[in-house]
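Two complexes follow with chain A in common, the first pairing it with chain B and the second with chain C.
Moving on, here comes the complex of A and B:
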């Protein structure tokens, strides 16, 4: 698609403008009344810190550890979120039995889970995976519920009148109908899972991008903190994009309408 | 028209007011749960001591003060806010203090380390604990195990020294990982970690809560440790009298702690939730740390060691000029203004003395090496005993009377610091006199040399009562 190619231009320029603003604001110590850039590291300092991280030879282990934790938590959240979401969206009794406790748990921030996560799971690794799981679960769950509830009842009725059984209705009507909404949930869940990474890796003690960011805070290395933040941002963006792409491949019947 | 005139005159009035009466911010970052910082934060705040000393003469004639307090659980976020200009003062340990200096330099500013608040020239206050069920009795038992420590804290420095003293390679022979005390507490309870090194009060607090056992005292590594106060240099140059006022308040807080340790231990418990019996370990007489606000060479060295260690760990790339970073002019001025002799304090290395009579015999206690104490629940004062035997028999009768005991303390025979007796080891000599030790090995050594036996708390108690 040639249209897509030239859309990269404004996207890249937008990032460049942000970078330029950051450079100017940080190097000139801009004080913009409400926010001040007086103590913010410059892009140059951050780049230097990033190169130092690459040179340290630990980057791969940091990345590997974090990717593992996020994807493990995410995968479990996908299974649990979609499973529960379909049940809740489909059956009233499931909604009444399952939704109330989940709604109580939903607003609990990841950081509050730390002590219990350590106490409840057999290894620190699983404690961290649990926290990235809590981050990913609810967007997936709620979007699945939303998608399932949004399936046109006339479609279900017609399928039933054509003799489809419960399983067939679920497979052929409900899941395909809810798929676009589920995929939105999956993409958001990917982002929120990364969102919880720093919290999760406060337990880590050794490796992980979140741990690196947190350790840098202890050490007051502000440039390193920004390196960690950007890495999380880029990885989160990349994996969300991947999820959307995969989702689009699996739902060829669903195309978003074009925008002006 | 009338309205506009009113508004204009109001604005003018407020402007002229602000020129005459200047409001000076005194923003102090404290670490309440790091209970040995109490003299530099918690006590000053709770008792309103700062108001007594803030100047109201000379350039401060019309000044009003805006005192702001902010509490943190570690030094890092505190430094963060100081560098951002939101805090003027901060209390923290040698390691985070060194980071504070480095962070200021990086931002093109300076901070000053103006006083010590509490410390120990040998390193007590830091310690290593193991889960209560662990079989480890000393650091030597932890080879090949995973130890956690709050990263770049004063306890981290101690741990590295301790590991090196064992002749171990910190990268190969042990697995050292970073863990904040909040996380380590849960990890110890869930048996997820073989050992944990930490600073005040956690090496005492976790054992007192019953899920951990202290197997190493910082004094074994002979690494000085302390918590002290820092100030923004620009602020100190602009308002030196305010800095002196803050230090005078902390001198008074220190005197109050020495005079009535039980009372203020209770106050610290009320504010932080750290049990009064743990606070008394630090603030009581013959405590774990010394009550000391002076810049002893050992404490200066602790800051130097912190900077060197950080460079060694490649966690800091710039050094600090200790001679300008540590600035004792304010604490000297505060001592003088409070009528105290700074030089004398500088030469005084003693623990806070115990001036008490034996609760059984009523005789004054002169030998402090065998002192034991009991804090009976509901009593305002700790009971003092000249010997562990006397304390044990008192404990037996207290139990008979159905009285609850908050804590039993004993003084370590070798390091002289206060121990939780329930976790201590006791060794008898030929006469059957009991001495207390932190470690079983130390007690065994003493017993072997003196021809005695080793007892744990329960057996020592039974022995002492039976022997009477």
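Moving on, here comes the complex of A and C:
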């Protein structure tokens, strides 16, 4: 793409403008009727807090703990979501048996799961992994169902006429046909898994970006809260991007059409 | 030679409950091995439905379908199907698409890819083997589709208006190409179309169908010599037969029926059951 180079300019400027607005609003204690920036830390203060976090030597352990939890929860969600999604999309009985309870569970927010997660799992670590799992599961599951149901029945008929059995149809037609939709689900699920992190790490006693953010709130270190928020934002964005790039590598036939 | 088709008392019901109707009714017909048969009829007359039953995608409600004495039950590599819109797998290269049938039979990779290249050359697509199907023109896609079916050496080749979506010039080239391939890979062909010129140009024998219920109203053989060339289409004999076909198709009252396809009724794009 020859356009990519100059498109970075507006992208970077957009971030800079946001930063500038934040700096002005926070340093001049703007009061915008509904929203007030009177107590919001400035970018400078946040940067200082971030440097302090790096100096404390705890950043790596916070990051490691959070990445581990998100990764584990996400991985289980990928396996469960794609597996159940294919079953639900392919077989009516699976849809009738599995979808109703899943639809009831789906709207329950991660934070509501905390008490039960603590009661149900042997360690707080597993409870936290479970909560990141609930965050990632549904986007992956529903996009997989959507993708499987969207596979052209003519392709399946053709494959059968060419001698494909049930297994071959699943491997050769259903899975690749649903792949673009599954990958969309995986990228969305990566993001939702991250935004359940703070909720999950409310349970934590020691480490994790979410824990750090939550603890900063209880200790009223406002600059630290913003550091935690930004870290989650950047990590979530980075991992979603990674999933999308990996997905594109796996589906070379599926070219994303540019905007007109 | 194999590929003898025997259809007796065939009825096919489409639709559910109150909307159910007989798309094909009490149809009898037998087709000789190696014969090129065109089924001609207006939209919705059940010609594609009949094709779908021959392919094994639709189950008859009454009657029997046999190929070489064996009852048709479900799709088979022996009965290859070409749809109006190609059904190539977008995630496989042209070569791998063509080799698919051999892969399903457990033929080794090197061997099946070589066989695919050979048959791609036959349809005039050497040099396109590495492409994705979406990178080809409509005519080329149909050629790949035909190659993919023929690699299995089916006894019966079923074609559902395969050139219906192509422009007139490409369609004529494809008709000539199909006849050329057919002289080299001889199979029984059942070719569905609503284009009278196409049917007359290609067929040994034409079955004219009439809708609701779908039945055969005319069955005649053509003895135009082969190989045939486009010049045939302007001969008096050709025009005479064309007029005969036009009369047969025009005596219908002109009601528009929904297009049927070899998998049954057109797909109803209902509302998704959940929001994402």
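Methods note: the second predicted complex is superposed on the first by the 258 of 260 C-alpha atoms of A that agree within 3 Å, B and C clash if a C-alpha of one lies under 4 Å from a C-alpha of the other, contacts with A are read in each partner's own complex, and residues count from 1 in each chain.
The working rule: contacts are C-beta pairs under 8 Å (C-beta built on N, C-alpha and C of every residue); 3 or more make two chains touch, one makes a residue touch a chain.
Treat the numbers as computed from the prediction; the structure is a model and nothing was measured.
Asks: Please tell me, clash or fit, for chain B and chain C sharing chain A in the overlay.
Replies: Chain B/chain C on chain A - fit side by side.
Asks: Output check: A:242 vs chain B and chain C. Expected answer is one of first, second, both, neither. What do you get?
Replies: Neither partner.
Asks: Counting only touches as set out at the top, which of chain B and chain C does A:18 meet: first, second, both, neither?
Replies: neither
Asks: According to the stated criteria, A:172 is in contact with first (chain B), second (chain C), both, or neither; which is it?
Replies: second
Asks: With both structures fitted on chain A, tell me whether chain B or chain C touches more of chain A's residues.
Replies: Partner touching more chain A residues in the overlay: C.
Asks: How wide is the angle at the Cα centre of chain A, looking out to the Cα centres of chain B and chain C, in steps of 10 degrees?
Replies: Nearest-10 rounding gives 150 degrees.
Asks: First (chain B), second (chain C), both or neither: which does A:51 touch?
Replies: Touch partners of A:51: none, neither chain B nor chain C.
Asks: Which holds for A:152: it touches chain B only (first), chain C only (second), both, or neither?
Replies: Second partner only.
Asks: Could you say whether A:111 touches chain B, chain C, both of them, or neither, answering first, second, both or neither?
Replies: So A:111 meets neither chain B nor chain C here.
Asks: Touching A:219 in the superposition: chain B (first), chain C (second), both, neither?
Replies: In the superposition, A:219 contacts chain B only.
Asks: In whole Å, what is the nearest CA distance you get between chain B and chain C after the fit?
Replies: 32
Asks: Would you pull the chain A residues touching chain C in the complex into a rising list?
Replies: Where chain A meets chain C, its residues are 99, 103, 139, 142-143, 145-146, 152-155, 157-165, 168, 172-173, 176-177, 179, 251, 253-254.
Asks: Which residues of chain A touch chain B in the complex?
Replies: 38-39, 114-115, 118-119, 123-124, 202-206, 211, 215, 217-222
Asks: With touch defined as at the start, can you tell me which chain B residues reach chain A in the complex?
Replies: Going through chain B, the ones touching chain A are 74, 76-77, 79-80, 83-84, 99-100, 102-103, 106-107, 148, 150-152, 177-180, 182-183, 185-187, 189-190, 192, 310, 315-316.
Asks: For the complex, give me every residue of chain C touching chain A.
Replies: Residue list for chain C touching chain A: 55-57, 74-77, 79-81, 83, 85, 87, 89-92, 100-101, 104-105, 132, 134, 148-149, 152, 262-263, 267, 272-274, 276.
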